[in-house]
Amino acid sequence: MSRKLAVIGLGHVGDAAAHYIVANGFADDLVLIDPNEGKVVADAIDLQDAMPNLPFHTNITVNDYSALKDADVIISALGDIKLQDNPNNDRFAELPFTSAQVKDVAAKIKASGFNGIIVAITNPVDVITSIYQSVTGLPKKHVIGTGTLLDSARMKHAVADELHIDSRSVAGYNLGEHGNSQFTAWSTVRVLGHPISEVAKEKNLDLEKLDKQAREGGFKVFQGKKYTSFGVATAAVRLANTVLNNALTELPVSNFREEYGVYLSYPAIVGRDGIVEQIQLDLTEDELKKLQVSADYIKTKFAESLAK
Amino acid sequence: MSRKLAVIGLGHVGDAAAHYIVANGFADDLVLIDPNEGKVVADAIDLQDAMPNLPFHTNITVNDYSALKDADVIISALGDIKLQDNPNNDRFAELPFTSAQVKDVAAKIKASGFNGIIVAITNPVDVITSIYQSVTGLPKKHVIGTGTLLDSARMKHAVADELHIDSRSVAGYNLGEHGNSQFTAWSTVRVLGHPISEVAKEKNLDLEKLDKQAREGGFKVFQGKKYTSFGVATAAVRLANTVLNNALTELPVSNFREEYGVYLSYPAIVGRDGIVEQIQLDLTEDELKKLQVSADYIKTKFAESLAK
Amino acid sequence: MSRKLAVIGLGHVGDAAAHYIVANGFADDLVLIDPNEGKVVADAIDLQDAMPNLPFHTNITVNDYSALKDADVIISALGDIKLQDNPNNDRFAELPFTSAQVKDVAAKIKASGFNGIIVAITNPVDVITSIYQSVTGLPKKHVIGTGTLLDSARMKHAVADELHIDSRSVAGYNLGEHGNSQFTAWSTVRVLGHPISEVAKEKNLDLEKLDKQAREGGFKVFQGKKYTSFGVATAAVRLANTVLNNALTELPVSNFREEYGVYLSYPAIVGRDGIVEQIQLDLTEDELKKLQVSADYIKTKFAESLAK
Amino acid sequence: MSRKLAVIGLGHVGDAAAHYIVANGFADDLVLIDPNEGKVVADAIDLQDAMPNLPFHTNITVNDYSALKDADVIISALGDIKLQDNPNNDRFAELPFTSAQVKDVAAKIKASGFNGIIVAITNPVDVITSIYQSVTGLPKKHVIGTGTLLDSARMKHAVADELHIDSRSVAGYNLGEHGNSQFTAWSTVRVLGHPISEVAKEKNLDLEKLDKQAREGGFKVFQGKKYTSFGVATAAVRLANTVLNNALTELPVSNFREEYGVYLSYPAIVGRDGIVEQIQLDLTEDELKKLQVSADYIKTKFAESLAK
């Protein structure tokens, strides 16, 4: 019945996602929504100006919530990254702003009769994903945050650079909050045919430094260009494609884990039915503690924001 | 020997071009150059953060002119689009700024020993292409401007919208300056199996309005988002791929036409040797006049800028 | 709702189409159907063995007609090309064999409740398309033959080779039967910015030779490898994608033209609703005669086959 | 300097590889070589007939060994799979035929001045890779066999099917001969966040059955369609792309391991310089024994063939 994607929020991230989708013909129909009507109309025109030089045709609809009714996946790229420009680069600084926006948008999504999968990029993503779920009333498994799919990529990038190999030859996960309390679960990381702990010994890798690099990778990009875009947009579109293809791929994304009572990033099998199966890792004691800390942090900050 | 592309100038346009190249694996090696070191380093990191979620690997080098020595194609996306924010949206308002930058960059390109093809997007593109050619000393056919490859796409978009068909089902060209003196050569435009003049009569198309729409399409995008990116980046990458593939494709691009003594947009056959063959259209008297006016305009503005 | 394609007939052509679809992630779900159960199961396994080394996931279903119920497009690649191994390489030699097969398959498609678009490659394609339409009872505009989309490509290839340019820089059509009575409508062919008649004079092109080359291009491939595959499979998948994308692209395909009372190839606008609009070309007297001859030939051969 | 690939041997595998390369624009220049001139010329025409309906242009050269001089990668897809139609489906049954062909071809490759990477698919691939290396005199690291890159894919496919997940979510390797003495090194296989041994217990997986399925996956395809094509062609092109991109990806391919004195499949880091780094796995005693057996088998069969 053809593929229909939507991108809500056409800032740097939404722009990169929409461009990536159109340039590759991933969707037949693409709905673009942004409160800044002039901006989103301009983006649509610009994408249509690209089409005569592209191999695929994409039908673009602008600022029409009713068009979401039969969309397969909505990518939420709303946000105001300037708010992250604080001493700790804390993504929670965006919450007051984005939570208000997202509640409004989520209500409109619900009103549209949308019955597909939401992929949230908007920060603080674990809380925002939760808000999307509660406001839309969609099943928890149908609302997913990109979470540490990006941070895991940053960790792979950091490890790969150190070892002079392709980042896709590094396996493993960053877990927890897509934020400062996240961590690389080194017990899950394998490279060059070995657990990274062994490789680290042999090759003198400083895992703490690499962990920091993954966690703070975003800040470095942020400091340099005042936003991040390609990495997270690519992660979001990959997630959307995984849903469209019903690929049943294992990905570390923000999904609701009963045992923690919050959305946080932990690998799961993703398909057309959203989170099709949750994985159970064998984490070390230390990692379990860090994950609990991260879960508690998300919970506390969420509660604080509700109390305000 | 693998494909090596370079993008100089990582503003909105260079960003979109670099992202498009990396997301599609068009190049094996990609050199990114920008005077804003923080920005270009951030872009490189961001693209590398995308790679674990992409199928292809691209080796990225940052701000190293010596890496241009064996590049196949350099895309120049330098510019300061804010300068176009003038009453006439005149792209020549960018000339004092960009010509200085380009002279500097072109000298560095020359010093690198670069011997490939330059694809210029930088505005005013017809003059900038000329400057690149004269400073680098490369053969005229090896320096090409994207020119009206974009405006022709805009014209196709405008016509296609009116007729409810795919923009790739419209054939024809905008000619002359990539700027206000350009025009749609309607005698070259065919659609639905007919010259557009016939279709226009039958379907009551207002060709003047469409011509304006094509010419001013960029301003509408500019007004909405304060820059344009996807359309022109796609045109530039298509042009670069045409060179890499040695495709020998007919494209309306800015190339040096002896009879006008300037770079201006006119269709040509493009391949690994740049402008491999120049086309000779059968333009109407009126179109020939408009083209002469456009050529004169470019020449005059260029001369003025030299005089300053 | 995701893209669902089906390929019926896994000979060389169906193989190439299925491989192309899976390698590019064009479909989320792919149904493969062939009377030779061993063959089609083997193809499905082989495609699945390719997937770990591909970027996209495709869900493959084998020999299940009920899976066609919600398919978007069915590509019919049934046939026995050996039967074309006759002195005239007449594609009608396949008719007794393929018409029986197609009637059976079409009845099963109808029984499945299929309500999408059929893209027929099976030869003689103009008659087979007609049989698919009458047996399934689908609207005429929802059953399309690849027809001269392939022969037009062969003509472009022939012209482009002669002029040392990219075949995509040649515009124009072969019309009529996808068979020996077809012809290149030279009045529709443009290249290097001119009608080909002018270019032919200037560059001494022998259009009759090129016409023959286009028409007999298939035989040369057939003689060399005893089948043809890449060209026609690519045309069929392009047509399927045009439908999925609702691209509204002008393509020369086999569609039912009232004035001739048969399916034959003539350009039309193709989208999700199949043949969305029929084009009306300005053919020369000579071309109109040839088209009538071709239409009559299809009609006669069809009638003969019904009489048997 | 643009990408130049060659495919030698245009049987089912070479066909699928060439089609995949052209359809995706992976190469700018493609050299096709086959002793059956009629067949390879037909393939080239057929691919060129596809191009007007494809987004990329590929320059195809036929049966010209001198064109290999500056090729980046040669894919050897020579072979006569009918010879595998023996009770044990022993790929060594092809050796007398293919070794003679390969010696001849390798000498011509050498004579061309070729200085790139050879990717061998031809069976028995471990011995054939060795022959290519010794006859061409290329460095050992520049001659690579696809080996168990395919069998590992088959293992992933088998495991994924059993667990209803994407085959790309299974990590691990088949090692040794691309033939009957190969085995799945289960100690390297991880899925759902765990070593497969744990998952197997919990989910009652029969690893021996899965090992057999991976090893004999090819036979099932072979029995069904009398050849295999998509899986191995995809593996070979992925390997070629890894070289072109200089991706430095870890892949299980046939490479020369000093400790065994033969080419056999074992993961390595692959880039533009071929086998850039060899991995050292922590295999179990049992796996080490199996690998030795497989290495000995290759050595013995190779020696036997030399003695004949």
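Order of writing sets the labels: A, B, C and D. Residues in every chain begin at 1.
Here is the rule we go by: a residue touches a chain if its C-beta (ideal position, glycine included) is under 8 Å from a C-beta of that chain, and two chains touch if they have at least 3 such contacts.
Fair warning: this is a prediction, and the values are worked out from it, not measured in the lab.
Counting the residue numbers that touch the partner chain, subunit C and subunit D have more than half of them in common.
Chain centres here are C-alpha means, and the one lying farthest from subunit B is D. Overlaying the C-alpha trace of subunit A on that of subunit B calls for a turn of 180°, given as a multiple of 5. Mean C-alpha positions place subunit C and subunit D at a centre distance of 34 Å.
Averaged C-alpha coordinates put the centre of subunit B at 36 Å from the centre of subunit C.
Centre-to-centre separation of subunit B and subunit D, using mean CA positions: 42 Å.
Contact of a single residue of subunit B with at least two other chains is seen at positions 54, 57, 166, 168, 247-249.
The residues of subunit C lying in touch with subunit B in their complex are 55, 164-166, 168-169, 171, 188, 190, 192-194, 247-250, 267, 269, 277, 279-282. Listed in rising order, the residues of subunit A touching subunit B in the complex are 15-16, 19-20, 22-24, 38-43, 45-54, 57, 149-150, 152-154, 156-157, 161, 166-168, 170, 217, 220-225, 228-231, 233-235, 238. Residues 1-4, 25, 28-29, 56-59, 70, 72, 241-242, 244-249, 272 of subunit B are the ones touching subunit D in the complex.
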